[in-house]
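The first chain written gets the first letter, and so on, giving A, B, C and D; residue counts start at 1 in each chain.
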Amino acid sequence: MSDEKKPGLHSPLRRKLLMGMAALPALTMLPRSSFAQAPATSAINTTGLAVTDTEVTVGILHSATGTMAISETGSIQAEKLAIEQINAMGGVLGRKIKVIQEDGASDWPTFAEKAKKLLVNDKVAAIMGCWTSASRKAVLPVMEQYNGMLYYPTFYEGLEQSKNVIYTGQEATQQILAGIDWITKEKGAKSFYFIGSDYIWPRTSNKIARKHIENMLKLKVVGEEYFPLGHTQFNSVINKLKLTKPDVIFTDVVGGSNVAFYKQLKAAGIDLSKQTLLTISVTEDEIDGIGGENIAGAYACMKYFQSLKNENNAKFVADFQKMWGARTVIGDVSQAAYLGPWLWKATVEKAGSFDIDKVAAASPGIEFKGAPEGYVRIHENHHLWSKTRVGKARLDGQFDVVYETADLVQPDPFPKGYQ
Amino acid sequence: MLIGHQPKDFLLAVEGLTVSFDGFKAVNDLSFYVEENEIRVIIGPNGAGKTTVLDLICGKTKATSGAIHFRDKDLTKMKENQIVQAGVGRKFQTPSIYDDLTVFENLEISFPRGRSVFGALTFKRDAIVRDRVEEVAEMIFLKDRLNMSAELLSHGQKQWLEIGMLLIQDPDLLMLDEPVAGMSVSERIKTAELLNTIIKNRSVLVIEHDMKFVEDIAHKVTVLHQGQILSEGSMEKVKNDPKVIEVYLGH
Amino acid sequence: MFGEYSIGDLGAIFAMQGFAGLILFSVYVLMALGLAIIFGQMGVINMAHGEFMILGAYVTWLTSSYFQTHLPSLFSGYFFVAMILAFIASGALGMLVEWALIRHLYKRPLDTLLATWGLSLILQQTYRSVFGAREVGVELPQWMMGSQQITDSIEVPINGIFVMCLTLLITMAVAYIMYKSRWGRQVRAVVQNRVMAGAVGINTERVDCYTFGLGCGIAGIAGSAFTMIGSTSPTSGQLYIVDTFLVVVFGGAASLVGTIASAFTISQAQSTMEFFMSGSMAKVLTLLAIVGILMLRPQGLFALKVRK
Amino acid sequence: MSDNARLVNRPELLGILALAVLLVVILPLSLDVFRLNLVAKYLTYAFVAVGLVICWGYGGILSLGQGVFFGLGGYCMAMFLKLEASSPENTKIQSTPGIPDFMDWNQITSLPFFWKPFHSLTFTVIAIIAVPAFFAFVIGAAMFKRRVGGTYFAIITQAVAAILTILIVGQQGYTGGINGMTDLRTLNGWDIRPDHAKIVLYFFEVACLFGCIFIAQFIRRSKLGRILVAMRDKEDRVRFSGYSVANFKIFAFCVAAIFAAIGGAMFALQVGFMSPSFVGIVPSIEMVIYTAVGGRLSILGAVYGTLLVNFAKTSFSESFPELWLFGLGGLFIAVVLAFPNGLAGIWSDYVQPQVDKLLRKKSPKNGWTDASVADGAPAE
């Protein structure tokens, strides 16, 4: 109903499409008593969720404090933007989205506790949230026990699939394999050196990368190193790099360690315009802290870059910076977080109900053509079909997109031959 | 000296005791012997190593070399609490009592029973303990203050309490470091009286400056100077030793 | 793993590895010096030490931004200005904290630990509110980046050399202040006998205040220097705190020489092990070794046997 | 039993009864299951806090590594629960069914030897007590025999916490890494997840907590408690009264470790997972603040302190996440500077005199303070 208040929010074509999608279930399921009337609450909410005639409650669950606040802030911002845009368009099934935001405080049990609060006390229809695997793992049993719906934005290690979770980021094979193939071909790489933070995501990602490199490409991995989270001294491993001279340095170092690693790499005279480095953990967000001059020339393997050239993205970046400040940068995860509310809206409207079971069942096949990264679709396994891209870091902290897969890459959370 | 090989005749035999702190020899090749029921007073100018000798005997400081035999035990190889259990009690120069506990509890803790962890857990305050505590409290003039927090006692009363804590341990060798220091005249008199009663039936090693007091109680006096024995013998003999006179007058 | 490399290669690598160890050594010394003064001389456990370092880092960041926008021609020299400002800012905050908090707690060392931990939480949240939760990137002048070619195959990072020189300078300054200056004698007098020092006319309260301020100020310089090699975010300070305390304790708290020796031992051990095994295991083994040695020799490497 | 060995005096008895009424009657009746489960989670920390009263308040040993013991207890419990949750039927999609999921992800194909005994609940219960006690004994023996205490000990326990965290995170094939052990489901076939199970577990936990409170109270009232106080005051004097100071410290440290471990095991049961984020330095120090807020010398105070701080944390972080850290930081400082005896101190300094006054007016002969002063004394 308030669609017209924000003219130019989306291109006219897409707006029609979205309107059509929104109208479809309403047309099929409800008596056409009046043009603008939303479906009756009793019909679309049979399980006692917090849905009224005018409102539907959704939870946002990220860390606003603690060590992870650095990373999760972007996701919160993106989710709020998406929800505001959806509300400006009239909401979901005629209901405005009301947000309850909870702070996970970078502490996994707190995540579980807050997730439970959102589901049990607030009866939210969906939760946009979590960032680290650990927080997701803590929340997952809660989601399954109390039957909630979680939209999880981060690229992650895979090995998981749940009725109650939609994974809007890439799982490991989706993110890594195409990038490694491309860099191998482009740079004629023969040897790889892995450097990662010591926890499950880098280890699993590196395992998949290693299997791919050794078994599929028949190339060599000459080193694999892990450092405790928060480690800040990398001179020894940099010397090892100098000794082994790998064609490609493949990194998945996270957090504050990232900054230290690239600064010391540059200081040690490893010039990223000559030495190929492929990272799967550095987005525009991280470069903010690392400093563009320290990482320029490195390649990153993601599904989204802020500099991506398409209409959706231009609009998204403009809206995002209008809402959160012109200097705000947008990384891969923020974009994936932005998809969550939109995918949920589309799914609810297709299912014609807020009921979790119906939403979960209706999820496969849901498309979102307005995605900043381009077209995405939910797979049977609740992950997204999406393209993989490689970007080359520029001095100004942005990436030049140098490669993208021709087709959408199928998500494969339990990859055969990679375990 | 004479019968150093048979330390059993002495209660305490200190032989060739040396301790050095970072090169400085606070006690240097010291030997002396204390007999059963002997009252020995150690005197000497400041820094002579008197307190260090007591520290060495009770295990607070480890000797660099030398031996300390107590009956048939070598104290240099034992821990503080084992030395106490062997029968050596020590009073410190400044009153060392437990401010947060009552007088009764202070004495009770020193009662020689239930000294292991398990023993302390199952320790019962029975009639024997209570009677003994009261008896000692009477001796140290604190009977009416048993339930008082020890921190509220006067300085002199704290000294008495610590003496009482030693008394209840019933040690064979009692070591007192300046027991009347910092006391008022009346307290001093009472303390001398107290010491005279408690030194019966045990050996005592006292450090004291108050010559009047020394003369009253000492069987034998040892004069220390720069970590070594300057003179030893009866008070009369020591007083007339020219070396002692020189050291004391020299100051 | 060495089979396929030439002798020259290996020599170069070992030279560079030794250098990496020296850089780590310098980093540890810088971190630990301020703490060694505060903990060693005053017996105060300052859990907010890391936050004082990060204050220095933020000051550096602010200075660099200021020079970039207002004095771009002088940008290449801003780092020296930044370090002085970092020293002043951290030192001043340190003195304020000493006055408001620490001086009430000298008789309760364990309580200073809790109070300064509370302080560290407050400082972290202050940084987050003021500077944002994200890391800030400190831009360095061009001359500090890159590396110096020594031979064909040996090159050393310039910022590493810079940190080493800085460490040397500050260590010498601290040694001079503590052991040669009148003020240093006062500090040591207060450490040894507070009452006596007061009686001979030393203003012990002021000495305490300045000592704490000096320790915090050095932490500020360390934080400033670490913008070259590490990250600057509200929580970065916590990364350093355990390492720093271990260096000080391992050295024997009351001795500057001990602190330096222990920083050297730990850094060499860590950097050598890191070369042969994964960083995680190297860290665990280093920490285990330190804890193990401290259990056998609790007074640390360099503690004097003193007469109590 | 003679009067001195009486376990509690009158005000303490009233305090314990009040706590019992609060935990057993008021909270379960007034809170929904979700909130009650939160209380249960807070109470798991109360075990640690009670242990710290003995070890820190009485023994003067500040351990900044209680998270280590909380974690060891919790992991022991979690290993048992995880094994039960990883039955071959539940894990048939794995390449090796019957082992925990995280092992499968890390290419471990058979259960490591040290996991095997955790199939047995009896072994697990023993391990929950024995493993932390053993660790505490080793650490304590090494440190206290060499007279390491005070600040040194605090720093070394911190380092131990750091080591264990890095190890758990690094050895993810055996420990679940940073994710911890999640998705714990049943205890000997009994589902621990539904609401009614949570309520049963809550009462079980409260019972255990009171067990620990009584043990702590027994220790406090025994001569050992007085020796701990004496030791904190004048360690040398205790030594020269013939006690092995090290042994008593080791004992206090072990008791605190065991309590913490029981808390950890309860946590795994209540919350349904265990992760290395409870092992590290930050949670360990937070646990100390619970004790400090309650009053480091008061066993009951520790429980109230834990509940209060956690309740404040939850409600603050819900409404003002930014303020929470300021609040927590301020709490640390305030407790240290202004209220070193915490809630218990405030109670006995300000509230109790008022209460006494009221009571005296009503029945002049029945003064509580008389009882408490006379208690512990011989003459009665």
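Throughout what follows, a residue touches a chain if its C-beta (ideal position, glycine included) is under 8 Å from a C-beta of that chain, and two chains touch if they have at least 3 such contacts.
The model shown is predicted, which means the values in this text are computed figures rather than measured ones.
Visitor: Identify the chains in contact with chain B as well as chain C, in label order.
Guide: Chains touching both chain B and chain C: D.
Visitor: If every chain is reduced to the average of its C-alpha atoms, which one ends up farthest from chain B?
Guide: Between chain B and the rest, the longest centre separation is with A.
Visitor: Consider the two chain pairs A-C and A-D; indicate the one with the greater count of contacting C-beta pairs.
Guide: If we tally the C-beta pairs in contact for A-D and A-C, the bigger total goes to A-C.
Visitor: What is the distance in Å between the mean C-alpha positions of chain A and chain D?
Guide: 38
Visitor: Taking the mean of the C-alpha atoms as each chain's centre, how many Å separate chain A from chain C?
Guide: It comes to 38 Å between the two C-alpha centres.
Visitor: Taking the mean of the C-alpha atoms as each chain's centre, how many Å separate chain A from chain B?
Guide: Roughly 76 Å separates the two chain centres.
Visitor: Nearest whole angstrom, what separates the Cα centre of chain B from the Cα centre of chain D?
Guide: 43
Visitor: Residues of chain C touching 2+ other chains?
Guide: Expected reply: 125, 128, 238, 280, 283.
Visitor: Could you say which residues in chain D touch two or more other chains, in rising order?
Guide: 166, 169-170, 322, 325
Visitor: Return the residues of chain A touching two or more other chains; collapse runs of consecutive numbers into ranges.
Guide: Expected reply: 65, 198, 226, 228.
Visitor: Could you please specify the touching residues of chain C with respect to chain D in the complex?
Guide: Touching chain D from chain C are residues 39, 43, 45, 101, 104-105, 108-115, 117-122, 124-125, 128-129, 238, 241-242, 245-246, 249, 280-281, 283-284, 287-288, 290-291, 294-296, 298.
Visitor: Any idea which chain D residues touch chain B in the complex?
Guide: 1-2, 4-5, 218-219, 222-224, 226-227, 229-230, 232-234, 236-245, 247-248, 251, 373-374, 376-379
Visitor: Where on chain A does chain C make contact in their complex?
Guide: Residues in contact with chain C: 65-67, 69-70, 73, 198, 225-228, 230-233, 235-240, 242-243, 255-260, 263-264, 266-269, 285, 287-294.
Visitor: Note which residues of chain A are touching chain D in the complex, please.
Guide: Touching chain D: residues 64-65, 102-103, 105, 107-110, 112-113, 116-117, 120-121, 132-134, 137-138, 140-141, 145, 157, 159, 198-200, 203-204, 207, 226, 228-229, 414, 419 of chain A.
Visitor: For chain C, which residues are in contact with chain A within the complex?
Guide: 5, 9, 13, 16-17, 19-20, 23-24, 27, 125, 128, 133-139, 145-147, 149, 155, 157-160, 228-233, 235-236, 238-240, 270-271, 274-275, 278-280, 283
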